[in-house]
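Shown below is the structure under consideration.
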Amino acid sequence: MLRGIIRGNIVSTRKQESLIGAKFMEVEIMQNGELTGQYLIAIDSVGAGIGETVLITVGSPARLALQNREMPTDAVIVGIVD
Amino acid sequence: MLRGIIRGNIVSTRKQESLIGAKFMEVEIMQNGELTGQYLIAIDSVGAGIGETVLITVGSPARLALQNREMPTDAVIVGIVD
Amino acid sequence: MLRGIIRGNIVSTRKQESLIGAKFMEVEIMQNGELTGQYLIAIDSVGAGIGETVLITVGSPARLALQNREMPTDAVIVGIVD
Amino acid sequence: MLRGIIRGNIVSTRKQESLIGAKFMEVEIMQNGELTGQYLIAIDSVGAGIGETVLITVGSPARLALQNREMPTDAVIVGIVD
Amino acid sequence: MLRGIIRGNIVSTRKQESLIGAKFMEVEIMQNGELTGQYLIAIDSVGAGIGETVLITVGSPARLALQNREMPTDAVIVGIVD
């Protein structure tokens, strides 16, 4: 899993129908608590907002955090770091 | 998920039968809105065209965006960024 | 699989319900027994502690080491290196 | 998906029984049509030969291109680029 | 799939019960037949030994090479290169 800070959100009006309602967040990845300049886009599942430090799960298991497991995503925010 | 700009398309006449009809797009990946010079090839599922900024899902979940989930692909364009 | 040293733990109070009880460890990855300065976050399944050298499985198979295979994680500590 | 040029083949006499008959090709990966010096080994599913430019699917979906989906492989050549 | 040379083995007495009996090998990855200084740890399924050049499958498909597909591993040695 990865830790990162939410830097912004991505808006996509024309998208897969199964992704309607998904909140796409752009997250800057951290390594050992330091920022890396590497980013990925993850769907939020915990109500996280810009500036918060979050935990992200990537790959096939990410969808286990979503109510709709049919969403075609490879990255989901699964927790907010204290 | 990744964000990128569609740079071109790839034509493959001799391919797996299950891939007939797939549109293979070459996408330049962005990080935080900046181009990286890194590319991947993704199947379009939303009618995106060259020059558009898109969202890409990679790995096993990508196929969830396709009508034919038997297509052997690891990357699908799932949205167009506004 | 990866080998690494547990450097710390991550606390997340607001998280996916299915992750309640999970111990998130920050692990520094090794290559050939040398530290790399690369980190990932893995859920512990073997009672490992800070400073121990561990084996980590990543991706979808990682969950096979957990009692609750519904946990949305992509990295699990599956052994402690002697 | 990745694009690359087949550079050679790998012979393995002692291998998993389920891999008998698989043709292992060493492929040099391209980015935007330029060679990268990065290689991977993929099983051919389309009758491709050395020197041809091919499309490769990696990860779990790769096996969808094989008649025997029990083959333990993470990369399959699924098309030949025109 | 990856090609590499087995450099050593990793001993883990305290590990997931499902991993009992697994032989963990540390493998140095090759690219186009040249060593890279990059390593991973894979479970052997073909009786390979230190110094042998092997084929490795990574990710979820790796377990298809094991008798016990419940082993939480992401890398398995599936062949010995001639």
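Note that the chains take the letters A, B, C, D and E in the order they are written out, and that residue 1 is the start of every chain.
As a convention for this text, a contact is a pair of C-beta atoms (placed from the backbone, for glycine too) under 8 Å apart; a residue touches a chain by one contact, two chains touch by 3 or more.
This one's a predicted model, so the numbers in the text were calculated from it and none came from an experiment.
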Legend entry - Minimum number of chain-to-chain contact steps, subunit A to subunit E: 2
Legend entry - Centre-of-Cα separation between subunit E and subunit C, whole angstrom: 19
Inset, instruction - Averaged over CA atoms, how far is the centre of subunit B from the centre of subunit E? Could you give it in whole Å? - result: 31
Legend entry - Where subunit E touches two or more other chains, by residue: 59-60, 62-63
Inset, instruction - Could you list all chains around the ring, opening with subunit A and heading toward subunit B first? - result: A, B, D, E, C
Legend entry - Residue numbers on subunit C that touch subunit E, as the complex places them: 1-3, 31-32, 45-47, 55, 57-65, 76, 78-82
Legend entry - subunit E-touching residues of subunit D, taken from the complex the two chains share: 7, 10-16, 18-19, 24, 26, 28, 37-43, 59-60, 62-63, 70-75
